[in-house]
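For clarity, chains are labelled A, B, C and D in written order, and residue numbers in each chain start from 1.
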Amino acid sequence: MSSKIKLGILGGGGDSLIGVLHRVASSMYDRYEITGGVFNADLQESINFAEEIGIPTNRIYKDLDSLIAEEAKLPEEERMQVVSILTPNFLHFPMAKQLLENGFNVICEKPMTTTYEEAKILDETLKKSQTIFAVTYTYTGYPMVRQMREMIHKGEIGKVQKVDVQYYQGWINPIIHDSEKRANTWRLDPEKSGISCCVGDIGTHAFDMIEYVTGMEVKEILADLNFLYKDNVMDIDGTVLLRFSEFVKGVLRSSQIATGEENNFTVKIYGEKAGLKWEQENPNYLYLLQDGEPMKVLKPGHSYNSELSLNGTKLPPGHPEGIFDSMGNIYKGVAKAIKKEDYHPAEFPTLKDGKRGMNFIEKAIESHQKGNVWVKIDQ
Amino acid sequence: MSSKIKLGILGGGGDSLIGVLHRVASSMYDRYEITGGVFNADLQESINFAEEIGIPTNRIYKDLDSLIAEEAKLPEEERMQVVSILTPNFLHFPMAKQLLENGFNVICEKPMTTTYEEAKILDETLKKSQTIFAVTYTYTGYPMVRQMREMIHKGEIGKVQKVDVQYYQGWINPIIHDSEKRANTWRLDPEKSGISCCVGDIGTHAFDMIEYVTGMEVKEILADLNFLYKDNVMDIDGTVLLRFSEFVKGVLRSSQIATGEENNFTVKIYGEKAGLKWEQENPNYLYLLQDGEPMKVLKPGHSYNSELSLNGTKLPPGHPEGIFDSMGNIYKGVAKAIKKEDYHPAEFPTLKDGKRGMNFIEKAIESHQKGNVWVKIDQ
Amino acid sequence: MSSKIKLGILGGGGDSLIGVLHRVASSMYDRYEITGGVFNADLQESINFAEEIGIPTNRIYKDLDSLIAEEAKLPEEERMQVVSILTPNFLHFPMAKQLLENGFNVICEKPMTTTYEEAKILDETLKKSQTIFAVTYTYTGYPMVRQMREMIHKGEIGKVQKVDVQYYQGWINPIIHDSEKRANTWRLDPEKSGISCCVGDIGTHAFDMIEYVTGMEVKEILADLNFLYKDNVMDIDGTVLLRFSEFVKGVLRSSQIATGEENNFTVKIYGEKAGLKWEQENPNYLYLLQDGEPMKVLKPGHSYNSELSLNGTKLPPGHPEGIFDSMGNIYKGVAKAIKKEDYHPAEFPTLKDGKRGMNFIEKAIESHQKGNVWVKIDQ
Amino acid sequence: MSSKIKLGILGGGGDSLIGVLHRVASSMYDRYEITGGVFNADLQESINFAEEIGIPTNRIYKDLDSLIAEEAKLPEEERMQVVSILTPNFLHFPMAKQLLENGFNVICEKPMTTTYEEAKILDETLKKSQTIFAVTYTYTGYPMVRQMREMIHKGEIGKVQKVDVQYYQGWINPIIHDSEKRANTWRLDPEKSGISCCVGDIGTHAFDMIEYVTGMEVKEILADLNFLYKDNVMDIDGTVLLRFSEFVKGVLRSSQIATGEENNFTVKIYGEKAGLKWEQENPNYLYLLQDGEPMKVLKPGHSYNSELSLNGTKLPPGHPEGIFDSMGNIYKGVAKAIKKEDYHPAEFPTLKDGKRGMNFIEKAIESHQKGNVWVKIDQ
């Protein structure tokens, strides 16, 4: 029998892009086999999709309840060991909770929940279940992000003194200026998307990235958001001032109206001894800046990289890997955790990261609504 | 039963990098399942490897003969439909020939054969077998290479007037200057690597790329190679002048002693109306240069790209895809061909490309040995 | 007699870098001759310096009073027509005032004054003198900055909706962490440098640039500054939120502790129709981003540029010009104004720009000291 | 009296771009004053131009004979010390010869002569005159080119093993495809431009650069040129294979039909220990590549640079200097030589460089005409 981990998937059917990303990621290190799941709310469509992607149809279920009930009937060694949640955002929480309560390991797309309250409940649930829970902040899987993290942790840039993260997109520009379009986009509908658009969707990636690479926790924030039109209630742009301590500050900038930008997520961390810069659209370069020294450009796969970074590169230097490979690394980390192999805690983001992300979103909105004042992030 | 194509693999076991590349590529579009094969010359190691990567072991064979014999006993719909050849170079030809003679579709790593003579025989064999044969010139699968090809074919740069391709690596530098190391590297041993090192390994990629993107055929070449040491008989660097016609010329530069270069494969095509540039290490950018106009930077996934290019992108603009995705596109093309779906002839390189590549290698060596004279490429 | 404008210089002697910059800039378009001035507080040193740089010594004066008195005795057509002020910051205001009161045209280094109050007085003085007054915000002279300005003014990016300017340096990093060094640097001494270090020195460049290229005025700001050490009273880093109107916002980031950064001044302006980006360290590239279009890269000297931009380029495309050329363009503009030739109002920054800059500095400090609250910029 | 060097200029009047370049360059380090010359064949136009650029008109001469005769009548300390030749190419040789014979120092634009024969005569003349003679291969004045040279000379990249230089422009593309235009362009008329267009104009820059930075001499070349049309007798594109010794080779590529390229002059030198890369359009970056190390990016003005490089930078790191500054450095070097100050022999290119350049042009044409065969460069 295959030693691969049995993976169930919720959502991600049809031409879902996130579905492709997770399926490819799961296959990259020969560690998972997709066993079944619920790809679609309609059972027949789920089955059709399973056939289309060449997955056996006998463990395609009509809903999560059935999945849980039927899987429980199987011998333990045949059951799904982990379930990936790729459904619409509002379903993440109830599904994750139910899965944890029934002893499953979980890989959950972000945003992990729709409210911070839910995130706290999920945290409690996980404490009881003692299973593995990963939130897919995809970008933390890139080898050079991991390298940045390790260099900072090892003190190679000294004490961090300034943080600057940008996540600029322009995709909402063709929508926002047309009153009809902006009224009818689900991303701008709080019923469907929660309390925030820009901060919730991409600001939260930036927030997680900062804490991931620096290992520091943001203590307070002050947010100034933009909505562009009076009839638009969802933030589509914003700057968030960050405080880590009295003398360690930062700024997080996210936008969906940075016209023409694609996915320009840039991370800059400056320490007493050096600075580090990384750009998501050119993910295989990490720039090291030092006083009076030539800038150094680090690339994946070289032996000068940390083990955590090298672990996430499959080919020799010069063979560019991309975002699928990044997500693949997160899946690989989860696989190691499930198999109880040695793994580095930074191999995948956890529920704690997801929970902090939810808190950040709510606090950013709160800061803005109160007139751009400082609010504390829960510690 | 799964509708996935049944894929057998020869070679690529252990920690083979090419093995990882092909396995991931095969999984990217949910079109293949790895059914078995011969991962290693030692059967037990093959079986162990199958277990390690979670493949059923019942169709792991001790050698190609057994594979052919045993697969033939299976009902037709259960048999392997295509076999990927990832073995050492000298085995490509006999294995490919045997597979074709037994009616298999074949995906063959490059160099397709060790001599041009073998390539011609294989060509004859394929004419009889009428199956699908792909050579994995991996780089032609990148969306922006495909876009470059389509733009040239549609006349967007006008008549091509100059071609300049570079493939620079530095990996042999730490080896070549040490007499012991250079005596003991298989890449510098003609017994194991054929008549050429640099031209054969990377020059041939560059040659194929030129013909792929321009749609033109090189007519004559003049090569000047370098060996660096008298006791080294294998070329490790060289410039090849190219003629397409009296007034259309080019230059192909390849090196393994370009110290510090990783995999710097760069393509520049200049036409009457515009120029196009692409770099493998930053594969998601295509530069369009026009007289007196701002340079344009094209990126994957935008609707301004050709269908052939868009077909090779899985995520929206700004989500970088890499070399695994490029190889994945080649596998996808082969899958369409096997399934007799519509496909673009440029979706994967064929035996004709592999054969021209072998001719190029031999002609480059001949040109050099004769004192850097013009020699004709077979048409 | 030479038709060149007679230029006097105050300061800039010895190995002053700003002295070199102004001298070269003044010579670039054959419009000025350096007639004399006060290079140094010590007359003999001034004379020595004049000899060293090959300037006649007969109009080297012991101080500004002498300069004014002696020049007045000359026939009008022989007198200095314009005087450049390159002295320490606290001297800018009194010298500029005295020059204006005596009918001279003035080119003044930034910061124009040490307080906003002084700036307002100078403004009144200029109204009476009716001479030309330029403040050398050097970076506005770059051809691609001018092109950015013209494109925005002509509506090519539509209504501006987001502004993001960064000015990051790391030069104070080797100083700030050493208590002795930071106590003894004049830049961190408010007696010598005024109320601000980072905002005053580089934030003000960024502020001017924003208003220069967008043609919009900042209405309110909220600043969060950093000092890194309790014993340091001067800001060395800070983020400033900007409001142009309810729905047009921006962010200005400046730092001198961005370790390893040299002079990373980057301007990003996003409008309804397009975005524009420019970087000072690669000043010959202007990036135009449009929804769903390939990015366009504009370069100096092409006929697609505006007249204002082309006017600031001396050689054909591909011959990089730099910061000396940028300052040269500002000097050229001033020369045109003095000669009463047609000139574009954006050819050089004026006293109004300098005055707004001073107001910005004081307001940024005020906002920070009041606890990061919104304060209004004078309109 | 001014201690500045008295500079005469031949040519460069009107809106000559080369005139601007030399005038600005001469002023950059306060070392020259333009004393007079012959700006134009027509005396009145020369005088008008002198007035326009603010030069005294009393030493504007009707021709070179008059200049020589009249300057001789002046007291030695008032005479022009150096004369810059910016006239049409065919005048370079007779003017330079006459100036040398009359004891002047000379700064000569490239190509130094129209034939190699002339270059040899000039060399003999200089041996007798014992004055200073500089040829303005402008690009060798860039600080990072100088740094590249010094690093190679000091052995920092080890023994050079591969040289690759590219000089690509596209300016002739809009001309060459129109039979009328190409018949009427002086650059394509051998009567006016000598035997070569592309090799002569830009290939020769590339050739000089190679020898400048490596300190090695090219021994043999093999050239393949392109003319695009039968009725065009002047090369507009070409690749030249280079041999320095049996095992040290290179390639020089130059083109004026690289559509859309501006002035893309790129230098790559690979040695046993490291590689170096530099691009003229981004002249303030020098890339150092080493086996298994992060790439290092060197920039001007840092103390890690050589004295020769630092000597050519006027401002601190991050303040981009350009081509005017590069030419300014060459003028500075000539000034030091004239003043008999210490100077580095690499501060300006000499007659020997110009002579080798002429030999290279003729040999490239010869190699091509003989059917792309190896020809020897004179040593």
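Keep in mind that, in the parts below, a residue touches a chain if its C-beta (ideal position, glycine included) is under 8 Å from a C-beta of that chain, and two chains touch if they have at least 3 such contacts.
Computed from a predicted structure; not experimentally measured.
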- How many steps does it take, at the fewest, to get from chain B to chain C if each step moves to a chain that touches the one before? 1
- With contacts defined as at the top, give the pair, C-D or A-D, that has more of them. C-D
- Note on the structure: So the chain most remote from chain C by C-alpha centre is B
- Query: Between chain A and chain C, what's the gap in Å when you average each chain's C-alpha atoms?
  - Reply: 43
- Length of the line joining the C-alpha centres of chain C and chain D, rounded to whole Å: 35
- Query: Between chain A and chain D, what's the gap in Å when you average each chain's C-alpha atoms?
  - Reply: 55
- Would you please write down the residue numbers of chain A that are in contact with two or more other chains? 261, 288, 292-293, 295, 299
- Task: In the complex, go through chain A and note every residue touching chain B.
- Result: 2-4, 17, 20-21, 23-24, 27-28, 30-31, 33, 51-56, 169, 261-264, 280-284, 299, 314-325, 328
- chain A residues touching chain C - in the complex, by the definition given at the top: 157, 161-162, 164, 166, 170, 173-174, 177, 222, 224, 226-229, 237, 239, 241, 247, 249, 251, 253, 255, 257-261, 268, 270-275, 288-293, 295, 372, 374
- Would you pull the chain B residues touching chain C in the complex into a rising list? 288, 292-299, 302-304
